[in-house]
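This report concerns only the one structure given below.
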Amino acid sequence: MSVGKYIKDVWGAVRSLGRGMKRTLYYFTHHKEIITQQYPDNRETLNLPERFKGEVVMPHDEKNEHRCTGCQACELACPNGTIKVVTRFDMIDGKKKKAIDKLVYHLELCTMCNLCIEACPSDAIKMAQTFEHSVFDRNKLTKILNNPGSKIMDGVE
Amino acid sequence: MTNEELKAKITELLPAATFEEGGEWININIESKDWLSAAELLRHESSLFFNYLFCLTCIDWKTHLTMVYHLSSTQYRHNLVVRCKLDRNKPEIESVSHIWRTAEFHEREVYELFGVNFLNHPDLRLLILPDGWEGKNPLRKDFEDPVNMIKL
Amino acid sequence: MYRETQIIAGSSHPSFAEVGQPGEFIINVGPQHPATHGVLHLVITLSGETIKKVEPHLGYIHRSIEKMCESLSYRQFIYVTSRMDYLSAHINNHACAMCVEKGLQVEIPPRAQVIRVLMDELTRIASHELWWGAMAMDLGAFTPFFHAFRERETINDIMEETCGARLTMNYMVPGGVMQDIHPDFQKRVKEFIQLYKRKVHEYDEMVTGNIIFQNRMKNVGVLSAEDAISYGCTGPTGRGSGVSCDIRKLYPYEIYSTLEFDEVLETGGDSFARYMVRIREMNQSIRIIEQLIDNIPEGEVLTKTKAVLKLPKGEFYTRVETARGELGVYIVSEGGTNPFRIKFRSPGFSNLSVLDHIARGSKIGDLVAMMGTLDLVIPDIDR
Amino acid sequence: MWSFSNISDNIHDWLSANFNATWTLIIEMVIAGTLVIGLFAMLGLILVIMERKVSAWMQIRLGPNRVGPKGMLQSMADTIKLMVKEGMTPNGADKIMFNLAPFVAMIVAMLLLAPIAFAENFQLWDLNIGVLYITAVSSIMVISILMAGWASNNKYSLLGAMRSGAQIVSYELSAGLSILAIIVLTGSLQVSEIIESQRNGWWLFKGHIPAIIAFVIFIIAVTAETNRAPFDLAEAESELTAGFHTEYSGMKFALFFLAEYVNVFIVCGLGATIFLGGWMPLHIGNWTGFNNAMDYIPSSLWFFGKTFFLIFVIMWFRWSFPRLRIDQLLNLEWKYLLPISMVNLLLVTLMAIMGWHF
Amino acid sequence: MGAASLIVLIIAAIAFSGIAILISKFVLKPTTNKQKGEPYECGIPTQGKTWIQLNVGYYLFALIFLIFDVELVFLYPWAVVAKSAGWIALIEIVIFFFILFMGFLYAHKKGALKWM
């Protein structure tokens, strides 16, 4: 190894290290580049996109009515048995009509794959933008989506 | 080489092989005892030069097992699917891990998931399943998982 | 519903019962090791600092996805594949959706094709960003990890907006994509391209040009082209050895044949070549995105398919290029609603098998560099 | 003007007036001991939070910001956490050696404080071979690491300890040679004299380029000697999980941790003393006004300021560079640093003899 | 304070570490289980003996270091008087370094500085 090349090597090494140090110093002095989010503090301002798949919910209107006909399309579409539809038959105007008793939703099994929502023919369920799902008791993750006493909206078949 | 040329060439070189229609690639069936010599031919014959084994798997047809080898040539860019029928009760086939090194891991995987015994494999041990796992081959159709989580 | 299974893995290894020469010892790297990024377990035979043998032990997170898929319908099984190589979930979904479409013989709308390719390339960039940071962290530089995450988070935000999830999207379904893109999608992607172009020189400053880093990478884990083919190494691992194996170029799918991009090839075969392939590949992905982002055709994003999909009897194989290499999806159908057998030819599995071959004779520190540049994602290997 | 030396003199006077000589000495020793322990604990707390903040800002993060104002009490919380952790000894370990190793590390770190001049006339022991003393004692550090690594009965620990053994002994040479370059100029090994010789300017500036080269080599060598990244092969968390202290937990681990930080402080203090004039204020030529203004800043602030600047530089290294490999590490020492520092020493000698420095 | 400070420092170090460890001993109740005392090797039981003969690579550097460090100790007194001794000192050190460098070259040529 010639002395010239030796010195060139050392100089090149020092320069390459210097470039890296310059970059870190830049970030050290430029605090506006910081990307940390102050999570539990910024709960109020936290905006999740409307398509975010947090959990399956069943929207009810002010008259406590939902759109679920109990057709079980979601149950069939679900790859891992997250949704169980329990149906009953109501007597309306002397006719037997199928309606849901309970729509049981196992959040602990759900993979948020969106297939149930795609499958639903009457837009009865949708994804909610919640994400803080941790609980101390696993049973709390098994949810019943329809409100107690709710019934099907008029005009939904 | 186009599929027709390939077909002609293989018919000439491997008279024992039978062709199967369907799929975008040439499918051939080979007796499992002929597989090793066929594999060496396919790999080393200069006009075929199948040097890249891109998929090696096994299918359980409930009556028999089928080894499926997907071969490709990085030089001629032609592909070939080779099938070997195996006896379901005593599946045995020659290992090709010395021809295509990637086969070593894939064969170990097939060995434990299907129970196919690869003859002359350098290191045929369990790769994925825990030690002491014996007899049960998870990807066989008759395998029932005692702790299966989802019943559909 | 749940039952804990007791799995005692790696308790005894017959081939390692007897210890070799004096001065050699066996060390377990993983399953809980900072450099294995997951639960890979390597049993290494060492002599001093020199590696004599590396033996991977897998199966710590094996979920037998192939078996699971046999009991799921053609619409359902796709969501599982997001969990294989979770860093390129879109591309996995894409491969499966394409394979089902091949069986159904449906054409997907041009808009869906463009969206799929855009998502694939964004995923590829995101995956390479994470790899870049994680690999630098393996080599002892922590800072690049966070810098890489800044760009990666931007992509994740874009994904979240359109697909509703950040990692396991399940966005591509047989027949197209699940939903149309978000109205802001194009704007956000353009912003990301701007950000990327502004920051890309930092990668060079922080890592690529760094003399320590170059010395750690050059001539480490040299893999010849023949061995790369023989071991089935694809993706950046194969291309780092000079093997032309980009499925997007060789067997173009979707609209890749109409796009202008280069297949990145390096001839070194060492860790640095694999590193450079990924870095240059990110630029190529940006190039593809730039071509497409303003030219998304109008129209449907989902072809109408039957509610219950049935594939004809036969065998279907698709190959796509994920961020790690060639992913093959092999569906054997008996004509029912469920696949009879599915095989995923995952790139990581083949890439891992080469580790022993390239690691022999090098130092422990080199092993980390090699594992970093092979870019192993353990769920992809364990499936 | 307020200074440490006034306070210590006052205490000494008051003690000698009220007690006899023996008691004075004993009480002074007790005070000194308490002060040293306090300094130790403070250094640990400050350096840990400093490292975390420096790393966070370089990594575009905020860093600890929950405990105390701006997270400044985070290291206090960490200490409490470490205190309530069980310091366990693994089954197969050599129990005596295993438990002795943190003590050795601490004693070495503590002993190194003796000749450091924290402020004007404020020094525990101004011995005439101060610099040699520091070089000598600091090399005992490797023994504690080897003890810890060997006694742990863990393969990672053993490899880490062996690495650090090879590493520390190698880098001691170039650290010593770069210190010698300045010793040639000062002609004394006594810390107070070295500082005194820089009254008209720091050696870094007075010694021209050779002094700067010596300074750079010194910084690199001490980074390696204190096992800091990019030379943290003894710990190398991505290769050896935690290196020689893999098996240590709770307070025993904390002691190693503390000793490492105090070592960093001491080598930086030594660097500040030798190259940057210790507690000497910055004086530029004959700018009387400027010089007087500088004099007004207390000498202790000067010392700590310079030391913390050097510590910052070492932290800066850590968060910028990847880790070297063991053979590259030794190559760097034997093929680059050692020959360069030898040639540099010759240059400095020539310079000293010709009187080319100021 | 003189040499007495060394005693103070040693006592302070022992007291500091001792008290810290003792406090942590008193604060918590140790728990035991079978796995707790095992050496950490990523969660896998360790195979083979740990205390074995290690590769000579590590020790070779210690040997070379020994030689060079002794030379370095010679240099300290020289450095103190170098300025006052003048040219003699420079000539002496050049000769000294020349011999040292020859030794260094020899070690280099023999491959002692290459990691094995």
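Chains here go by letter, A, B, C, D and E, matching the order in which they are written, and residues are numbered from 1 within each.
By definition in this document, a contact is a pair of C-beta atoms (placed from the backbone, for glycine too) under 8 Å apart; a residue touches a chain by one contact, two chains touch by 3 or more.
Please read all numbers here as calculations on a predicted model, not as lab measurements.
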What chain sits nearest the middle when you go by CA atom centres?
C
Comparison of A-C and D-E by number of C-beta pairs in contact, larger one:
D-E
Measuring from the mean C-alpha position of chain C to the mean C-alpha position of chain E, what distance in angstrom results?
44
Distance between the CA centroids of chain A and chain E (whole Å) is 55
Could you state the distance in Å from the CA-based centre of chain B to that of chain C?
24
Would you kindly tell me how far, in whole Å, the mean C-alpha position of chain B lies from that of chain A?
41
By the touch definition above, chain A meets two or more other chains at residues 17, 20, 23-24, 27, 35
For chain C, write out the residues touching at least two other chains, lowest number first.
10-11, 13, 25, 27, 33, 49, 72, 143, 150, 206, 210, 212, 363
Would you give the residues of chain B that are in contact with at least 2 other chains, written as numbers and ranges?
150, 152
Where on chain A is chain C touching in the complex?
12-13, 16-17, 19-20, 22-24, 27, 35, 48-49, 51-53, 77-79, 111-115, 118-119, 127
Applying the document's contact rule, which stretches of chain E touch chain C when the two form their complex?
41-50, 52-58, 115-116
Interface residues, chain D side, partner chain C - complex:
55, 58-61, 155-156, 159, 163, 229-230, 232-233, 236-241, 319-328
Would you mind writing out the residues of chain C in touch with chain D in their complex?
25, 27, 33-35, 46, 49, 136-143, 145-147, 150, 206-207, 210, 212-213, 215-216, 363-368
In the complex, chain B touches chain C at residues 22-25, 51-55, 57, 59-60, 68, 70, 74, 77, 100-102, 104-106, 109, 123, 125, 127-132, 138-139, 143, 147, 149-150, 152
